[in-house]
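Heads up, the next two complexes both have subunit A, just with different partners, subunit B and then subunit C.
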Partner chain A sequence: MIKKKIVMLGSFAVGKTSLIQRFVNSMFSEKYQTTIGVKIDQKTVIIDNTDVNLLLWDIHGEDDYQKVNPTYIMGSSGCFIVIDGTRSATITIGNELIETVKKIAPNSVVVVLINKSDIKEEWDITNEDIDDLRNKGYEVIETSAKANEAVEFAFNRISQLMLNK
Partner chain B sequence: MLESLPQDIIKYLVDELPPFTGILIVKADEDGNVIDMYGPHKDYLRDKPEFGEKIHEYVPALYSMIPPLVSPMVLNKIKSNNSVYADIHLVEGEHNEYWVFFVDQNREAKSIRQIIQKINADRLRIESDKTKVQTNISSPFSVFDYLNLKVENNNKSIINSNIPPWFRILAPKYSENDSISISEVFPYFEVFFIEADEFWAKKENGKIKSGIWTETLTKGEDIALSAYAVFYNNQKYILIKPEEEVDKEQISLQLARDQKLAYEKLEKTEKKLKKLLEYKDKFVSIVSHDLRSPVAAVLGIADMLVNDKKELSKLDEFYIEMIHSIKDEMLRLLDYNDKLYHWSNLELGNFEVIKDKASLKKIISTAHRTAKKRLDAKNISFSTNLEDDIEIEVDLTLFLQVLNNLLANAIKFTPENGSVAIVVTDSPSLQITVVDSGVGMPKKLSENIFSGFARNSSMGTDGEKGTGLGLGIVKKIIDGHGFTITVESETGKGSQFIIGIEK
Partner chain C sequence: MSQSGKNSGIFSSMSEVKLNELRKMILGLDTEDLRRLALFVNDPEAFAEEISELLPVSIKLMLDKDKISYTALIPIVESALKDSIKRDPKTIADILFPIMMPAIRKAVSEDLKKMIDSLNSTLENGFSPKRLGWRFKAMFSGMSYAEIVLSNAYIFRVRQVFLIHKQSGILLNEISDGEDSVAKDADMVSSMLSAIKDFVQDSFKVEQNNELDTIKVGQFNIWIEQGPGAILATIVEGNAPSGFRTILKETVERIHLKQSYELGHFKGDVEIFKKSDPYLQSCILSEQKEKKQKKPVIIILLFVAIFGFASYWAYLSIERSLRIDKLDTALRGEPGIIITDDDNANSKTVFEGLRDPLAADPTYISKLYNVDTSEVEFVLKPFISLEDELILKRANYLLQPPNSVILSYEDGVLFAIGESTAEWLNKALREYSYIYGVNKFNIDGIAKSGNDKPSVKTHVESKRPSIENFYFIFKYNTIELSETQKIKFNSFIDEVENVYNFDFSQDSVPVIIVLAHTSYEGNAIANKKFAFERAHQFINLMIEAGIPLEVLVPKTDYIEDIDDAYPVRSISFKVAYSKPEEL
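After this line comes the complex of A and B, so read on.
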């Protein structure tokens, strides 16, 4: 079976753990609980009749208190940069993390997830911000772990992109 | 003994141990024989340790612990005599000596006793459910929750300790002395081995610590773990243990982040509110501007009718009064509308204070002239104490508007035959006070008087109607100048509006 490592990166409280929990365990919790360190989950998906075992590295959120250890990104085939649609400041951290991924794992497929699409009316992030990311060549998917919008699609899509690479 | 403590041990004492005077320090040689001692041994040990005796004779938990595999090593909450729980720190000194620190944990131990009891009960239950495993007492880690792995290569290690309960749940197929691929059980090691290999390549005794990672024990129950990569006597080890401090760290981090999120939310709401207020002001500004033309047109017609004596003579008195009323009300509406327009533009910041030197005497005189008609109508006297002129730096048009508004306000609330004055004091700072002998106002009203939306704005003593916006406009202009304005008033005793100008 093919094994692929995917890392979830982003600012704190953007929904990285929630996205994995939704995808792996079909669960969502309203309560925000900050991630300490790393949590690795696994799930097998079938892409083009091929079983792909995804190792999902849920890495603690980046902020002034916790910095992502670059070694966590090593060996990753895919990388989700998660942004909170309601907090435009999380784009800046997302962009910084993309630069780190480019240095540490240049062959890693980067997909940007703009999470919390269930409360789009509260979004700070503009269409121009999204276009900027797309113009840089990144696939951008709007997701909601809470409403289960496009979560499975996002994981399948990154798997497909990793396999095509 | 304290004088002879080596620098590295003093540093450890200062950095790692709580500022606690009751620490017992025992120095031992590499065989665990007591060499020296300092501190209240009675607080921790039943008998006073004799020099040359093994330390484990006094503290059985220290059996085979000296020399420790890792330095420093901390044994948490060990019962060192019948009643005292202590954290025991084992630290290797520079000259092959070992330092044992006993730190009283009794208070904390009492508080967590119930929790520990519950954990132990759960463990016992788990143990009884599993096949009994023979314990490996030769390993110094057998009493801990450490999983000790002797590393042969990154794909093969040997389990070198008994199986801690948490590992038994996580990977039940493994027993002591089994061969194990650490990365397979803990994918986290895929990255930690990179750091560990780098460290082991130096072939120096010591250890490095990993980050924290989380494993799922059972559904909904996670365990936070951390690992040490150890190099000792040419052998590589991996020690994995539950991370006890993670809860504390999580709580403080969670608090900090919750606070940051709340702050971000507040900032966002403030931005939204400011935007809404700006919309409101723009809306009011546009509406009041556009209303001016139709209001002025109706006023023009009313004025024409009032002055058309030929047509008026055809009407009876009631209708003539009606036409006069239309004119008066339209005038009031126009005044209100103008003030609204002015107010909203001040709120939007659409004004600039251009200060220039001006004669205060001249400003007061102009304001008096403007108010004269109203003063005379109510037979109100006007006075000022200003004899020698003072030069002030103001925006003449705007400041004159301030005095006009304050005087109009004073006249409005002063009954017939009353008095209004502008009092100027020049020491210690310049103050211009508009004083009236009017009806005054209660404290509650005066506190809100400059908001521009004074709901209790009442009619004047002669039935004069007001907009409630005048004093709001005054405050905006005064603020724009960098001056201050305050009000002192009491019901029935008149009011004083005091403008403060720093020299």
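After this line comes the complex of A and C, so read on.
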């Protein structure tokens, strides 16, 4: 059994908890409940005939008042930087968090999720922004926890990347 | 000159170059190298500076290649420390201060906590049979009471042990005490514990030495012991002793010693940490608490009732047994009763044997010893006992001696003493031979008694004066007694009765002559006749008083002399002892 720690990072209300709920429990709730501190879930996936137990650290959203505790990131093998497609400002926070991850867990695989793809018409981030992230070498996946778009793919992908590393 | 000097300078310069080349060819060193070597030789400080850069690397290489070992370095380091401390202890003290003080604080606080825990537990136990048992154990085991208390005071059970990767919070290994795991999802619990630890550590800015070490969740205490690469978390039910912390520390140290590489290079594969099973297992400890069970009141009451009933029954049995034993002894000692067997049947004691009909009634004897007739039964066949007491009893029963005769028995001879009538004596002499066990009847005691008895004559003679002293005077021409004379008459009758209160043989009865005195004055015949009437009248009074007619004889007498003892018109008495026909 392989066990991997994945941290979900991003600004507040970008959908980190929803993505985990969708992935772990196949559920979605319109009700917004802010995460305080950290909440941990787990799910086992099979990658290349290997059972991988993913321990998902759903960390509270970062904003001006509440910074992510760096120790939560320590020891992580993978890291989702979640960005809300409808809020371009979340890209900035995402980039800052990427820098934090690079410092604290340099070996952690970073995958950027642009969430809320079900309302893409409302997005205010541009393709240039996305390309910019890709050009920096990060894998970028557009997801929707609500519409269950590419959620499982994203987790399988990060698992694959973690195992290959 | 100038040319030659110039040439010589050029030559010199050329030869220096060539010389240098030659040196390099021979030694492999150029001028610069030689200059540095010369500098090392001539300037020790420069040489030391040069060596200082190489020395650590050299030592590390030597250690890596096992050219020298840490063990070889220990004496050097120890000696260096000794010398340093000898020279100036303050230096080392200053160096160790930041490490020692937190360590001392922690040790002291742990000892205090241990002491308080111990005290609490000791107080909790209070004075109990268990604690009394500890005191006995301390007395006989050679351990101090405090040691015994400390070793018994804590009641706890370690339910689960987690080995957690410190950085990632991933569960590396887990072991439980065999029962249902307390933490259902060990992986998530491990991660959360790790997160909580990080949260506490960062939020409260605690010192590095004061890491989170205990979390209380309901009835469980989570004991956390952190190492550089892994955390040991144990879920403990109840209060573990402080010494348990030492066990956790040692376990963490051992795991790090054995698996430090795996911890440092952890990539998510946890299988390798199965090796730590024995270490984790060593943390599964427990101390069984003597569970305070509800007092089974009904059972206790039942037990008390049974015990009470049994005790009472035992008391009654013993008491009854004692009474029966006493009765048994009494019966066996009773003359005329022979007990051949005694047995208990139907809650009764049955005495079997023989009983002389004249022996004491066994039922009566039972009552003397407070044995109810419902408790005993007598199956006693009749027999004739030849015991002295029974022979005497039989003699008394058969001979019926008067109260004045006492019988006794000894060695086949029946003795009789006392006063007896000839009739009874004759009867006794006729019948004694029918009494079993009596071979001879000794009546010497009776005979002696008979010889001492006064004869009829003596008896009468002794009573005669008291009667003959009486006389009654009558008035002229009267035969009746006056009132005063009647009182005198009663006394007279008493005396007469005394005379007759004697065993007279039929042929020797005394008689009383009632003598009426008169005179010749006037008509002597009429006087005599009247005197005779007085005598008869007096005899009638005596008969009425109970004196038999047969012993009373009326007579008359003329007073011829004035000096006669009795006056005229009086009655006097004479007691005569003779056969009636002679009167």
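Everything below uses one rule, namely that the second predicted complex is superposed on the first by the 165 of 165 C-alpha atoms of A that agree within 3 Å, B and C clash if a C-alpha of one lies under 4 Å from a C-alpha of the other, contacts with A are read in each partner's own complex, and residues count from 1 in each chain.
Going forward, contacts are C-beta pairs under 8 Å (C-beta built on N, C-alpha and C of every residue); 3 or more make two chains touch, one makes a residue touch a chain.
Note that the structure is predicted; figures quoted are calculated from it, not measured.
> Here subunit A is shared; do subunit B and subunit C fit on it together or clash?
They clash: once the shared chain is superposed, the two partners overlap in space.
> Check whether A:Asp124 is in contact with subunit B, with subunit C, with both or with neither, and answer first, second, both or neither.
After superposition on chain A, A:Asp124 lies in contact with subunit B alone.
> Taking the superposition on A as described, I'd like to know which of subunit B and subunit C A:Ala13 touches: first, second, both or neither.
A:Ala13 sits against subunit B, while subunit C stays out of touch.
> Applying the document's definition of touch, where does A:Asn69 land relative to subunit B and subunit C: first, second, both, or neither?
After superposition on chain A, A:Asn69 lies in contact with both partners, subunit B and subunit C.
> Touch test for A:Leu55: subunit B only (first), subunit C only (second), both, or neither?
both
> Quick one: is A:Ser29 in contact with subunit B, with subunit C, with both, or with neither? Answer first, second, both or neither.
Neither partner.
> So, A:Arg87: does it touch subunit B (first), subunit C (second), both, or neither?
First partner only, subunit B.
> In the superposed model, where does subunit C crash into subunit B, at 55-63, 127-135, 181-189 or 253-261?
181-189
> What residues on subunit A does subunit C touch that subunit B touches too?
The answer is residues 5, 37-38, 40-42, 55, 69, 71-72, 74-75 of subunit A.
> List the residues on subunit A that touch subunit C in their complex, please.
The touching residues are 1-5, 37-38, 40-42, 52-53, 55, 57, 69, 71-72, 74-77, 162.
> Across the complex, what residues on subunit B touch subunit A?
Of all residues in subunit B, those touching subunit A are 187-188, 190-192, 194-195, 211-216, 222, 224, 226, 243, 246, 249-250, 253-254, 256-258, 260-261, 264, 268.
> Of all residues in subunit A, which touch subunit B in the complex?
On the subunit A side, the touching residues are 5, 12-13, 32-42, 55, 61, 63, 65-66, 69, 71-72, 74-75, 87, 89, 124.
> Taking the touch rule as given, give the residues of subunit C at its contact with subunit A in the complex, in rising order.
Per the touch definition, subunit C meets subunit A at residues 165-171, 185, 187-188, 191-192, 195, 198-199, 201-202, 267-271.
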